[in-house]
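Just dropping this structure here.
Naming follows writing order (A, B, C and D), and every chain is counted from residue 1.
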């Protein structure tokens, strides 16, 4: 119990440190943290699908793209303020996730993986080819307005920091609750043994779709934030490599573990920035580090652990 | 009609290369259930090694084009096979008992590592194969033109695939590989040295990938350090299309994927070619969830 | 009226007929044993009842309603719970979480209430925990609630599967070789447990190879051979049936 | 009072001293280049050229009595990395930034430099819209796509082609040029019989060539990059299809001939600012000689040389204004009167920050694989 308290205290201290970091970091490092925050959102959303439900999804950038393009289109065409577009981005990406997952959800592991890769590529190609004339082709959509909150215009990295990490905090809060609930347990069972889960009365097909829906919706909202930060989005930001990167973060950080996923984001997105000094050998070190980390922490840095229930005795008959 | 046949041969040529690389994916997957994402980069390594050996040893000048190329292919195959085995030792063996996706991430790391190793050694520039090794002749058959190099690619890849097929079906080692692919634990109980099987798979798969790299170098004349990603993804797609773990499936999948791409480009749209290929893949998987030649596995309850 | 009625059920795999024109009834609050030599099609019958397989012909009536063709989780919700021949627990989850999984189908909270946790959700969670702990206590695993399911002994894993099945509040409990891998003491305890389940008013259909258990626990046996029913009746009667002795006991 | 005066004087002196010490600090000029990623070879050349120029400037005593230091940041040819690289440069106190290659990459960094009031001189970003936003501190030494499109259409018309196929690669740049050419050619009554995109990074283009051949064009206008074009020319030769190809400036790279082979490359036309070796200026020849002596080969592409021009632009602006104040530098460059002598000739900018003057030339590849400048 004491152990858990220390752990909690450590998390809170780290969160506080992060919250005040823009006060002493320069704009560059704050922007690195912003990047980490956006990827943390993406990784947390993929974690619902890949880590919790155990569905191999290597095309997550597709949902990210749907959200980003929805927000960008609404903002540039109809002048919808970019933060108002946030829920719409989430809903459209979530719907897209369900429609997409519906016919392929019965596929096993690696077959699902290549299908999601394929979907990611199809989306990217569709964006490049200016599908329905709304995506702007290879140029993408530019001139997206900066977000405004209570009349305050967010433009500097420090300001984006609080927008992005505020959203990360809300996400962590909600997802942690989701984990410790009927919904979260159903996903756990699904990952552990789909046949036993169905045999225990869990509607596995429905939960697979729901996992895709939640994960896609959150990736879509991350896409909206991304669009508002970059003010320009183009297809190359949603490449296969992005999907791979998010996938790596989840597995390397610890599939199913929220703290692990965030730590993984810091390592995968933050570490290459530290390697900048190595110039062209940067990615070489990155690849090497990835292998070594995986070999020494084979289940990820912070693996998923069964939930500890407190005060069980009180409930005993 | 002429155009159709021309496109068919175009597609088959591309498909042969996909198939050769797909074999490496499928063999490794069959035994280890691991998607070896570094396989595409082993293929790149083959292309670069081929170039280095070709220019430094001048084999084709000394031994004549055919013998020289044969020796070259053997050397490339050997080197890349060794690298593959080393990779297995260093990056995959420590992860054999851990969750499957951990090994996938290690493989992705290995891919980045290999790709950048090649870049650091050879530089980022595009490298070009010498152009005078093979004669530039094209055969005309009923309006369909087939360059000689393409015939070479056909013949070599079909020979290699045939040899592999016979090896897997007819030899003791091949039987051991098939047994380990079906059930590793049972194979071990039957006295099969599974470690040895894995080693052999990691020699043959990358070896074939290396030769594919050499063929691409000879055929297209141009190599760069990122080419493994494009070919790797396509070949992996081909392996899944055919039914991953299934050796004839990889061959069929590769050829079909090549043909779909060519025909998709020809009759629908060039820009949407890859999207069409993936769409066909998805539709095939919806209808046959384990690929064209993959065995249907029922849920055992 | 019987709780479960199997009528002319037939299932073939490729050319092989696993279950052939099978009919039998399971009366409410009875314990029925399904026995027969290996490969007789017993587990296939179970999988047909629970919806894991779809039959080719015939009906399965549960409480008078046809259930063939329903999805598995629907059948669980209607009141049929099962255990598996090869233990299928959620190995990396805690013992308690395993039982809570069974509780799932009796709970209501959806995605949003899971996220925002209104009081109703919290109450439901507490209820579920209490229920799950109760079932754990019932099978005798109360002390192991926070352990990893995979770390339990084989016998205890079987008991945990029963607890998980009980958490769904079934009317019919289907046990596939519940004594498999148990030692004598554990088997003895299992007989007691089955008795207690019966006292709770559950109906039980089980497959078991341990004849002494079957003889003591069941009031009716259905004997299968090559997918066909060759005998049905009270244990002692079946035991002395020459067909059964020849096909099953004799051949053993 | 006296004490206060002495104290005040000391303070002033101390501050001046500090100022002097600061003056000995080098003037930092940022270089944002794709040193890794698929355009790494461009980035490598950009880095080498700018560094060599900086050495020369420093050898001649530097700027305003200070040394010049080049601060390199990798943008990996990717917008996201570019925005981080830009943030990083902005926090390192650079006075101006050179770069980068690729329009979408540059675009991701534009607003960051603008908001930090840092002068940016791009070298290989030809998308029209980059200078249409009214950014005060943004300049480019390269020409714009519409200029190239105009020259391309004019050339194709002059050559007398009536049916043209257009092939791009769906990158921002190539698509823009293809669209520009498409519109202009159509207006001139040229029939566009094929308009489609290939996938960059692939090797086999026989399917596209076969399809294009069936459309029977008189000529093909290719707006993509040289690695793909090299393969296309080669595969076209193998197919025995003698159609002439005309390409855009992204194919201007000596490696093109290496990839295609001399036989297949012969007769290929392309539009480009002059290749480094064709630059007629003494200054440039001397520089290229020094470069070759140092790096073993001449720079591959004109775009990297334009990065050098970006550097010279910044240096000349600082010299002319005797200041590193971005306001003054921008005002000087916008004035249109500067006539900076660069590696690619005289450089001056219009009010939008675009380089003025006709830059595009027509080249033809001869039998030996040389790029031969054609008469206008």
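Here is the rule we use: a contact is a pair of C-beta atoms (placed from the backbone, for glycine too) under 8 Å apart; a residue touches a chain by one contact, two chains touch by 3 or more.
The model shown is predicted, which means the values in this text are computed figures rather than measured ones.
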_Any chain in contact with chain B as well as chain C_ = A
*Which pair wins on C-beta contacts, A-D or A-C?*
A-C
*Looking at C-alpha means, what's the farthest chain from chain A?*
C
*Taking all protein C-alpha atoms shown, work out their mean, then name the chain whose own C-alpha mean is nearest to it.*
A
*chain A and chain D, separation of their C-alpha mean positions in angstrom*: 36
*Which integer distance in Å separates the CA centroid of chain A from that of chain C?*
40
*Find the geometric centre of each of chain A and chain B from their Cα atoms only, then give the gap between the two centres in Å, rounded to an integer.*
33
*Mind checking the centre-to-centre distance between chain C and chain D? Centres are C-alpha means, answer in whole Å.*
73
*Which residues belonging to chain D are in contact with no fewer than two other chains?*
36, 40, 170, 197
*asked:* Residues of chain A that contact two or more other chains, please.
replied: 128-129, 195, 199, 280, 283
*Send over the residues of chain B in touch with two or more other chains.*
119, 124, 271, 274, 299, 301
*Would you mind writing out the residues of chain A in touch with chain B in their complex?*
50, 56, 103-104, 106-111, 113-115, 117-119, 121-122, 125-126, 128-129, 195, 199, 240, 244, 247-248, 251-252, 255, 280-281, 283-284, 286-291, 294-295, 298-300
*For chain A, which residues are in contact with chain C within the complex?*
174, 177-178, 181-186, 188-189, 192-193, 195-205, 210, 214, 304, 306-309, 312, 315-317
_Taking the touch rule as given, give the residues of chain D at its contact with chain A in the complex, in rising order._
35-36, 40, 72-74, 78-80, 83-84, 87-88, 90-92, 104, 107-108, 111, 115, 127, 129, 170-172, 174-176, 197
*Enumerate the contact residues on chain D facing chain B in the complex.*
36, 38, 40-41, 43-44, 170, 196-199, 201-204, 206-208, 210-211, 214, 227, 230-231, 234, 237-240, 255, 258-259, 261, 263, 300
_Interface residues, chain B side, partner chain A - complex_ = 29, 35, 90-91, 94-95, 97-106, 108-117, 119-120, 124, 233, 236-237, 240, 244, 271-272, 274-275, 278-279, 281-282, 285-286, 289-291, 297, 299, 301
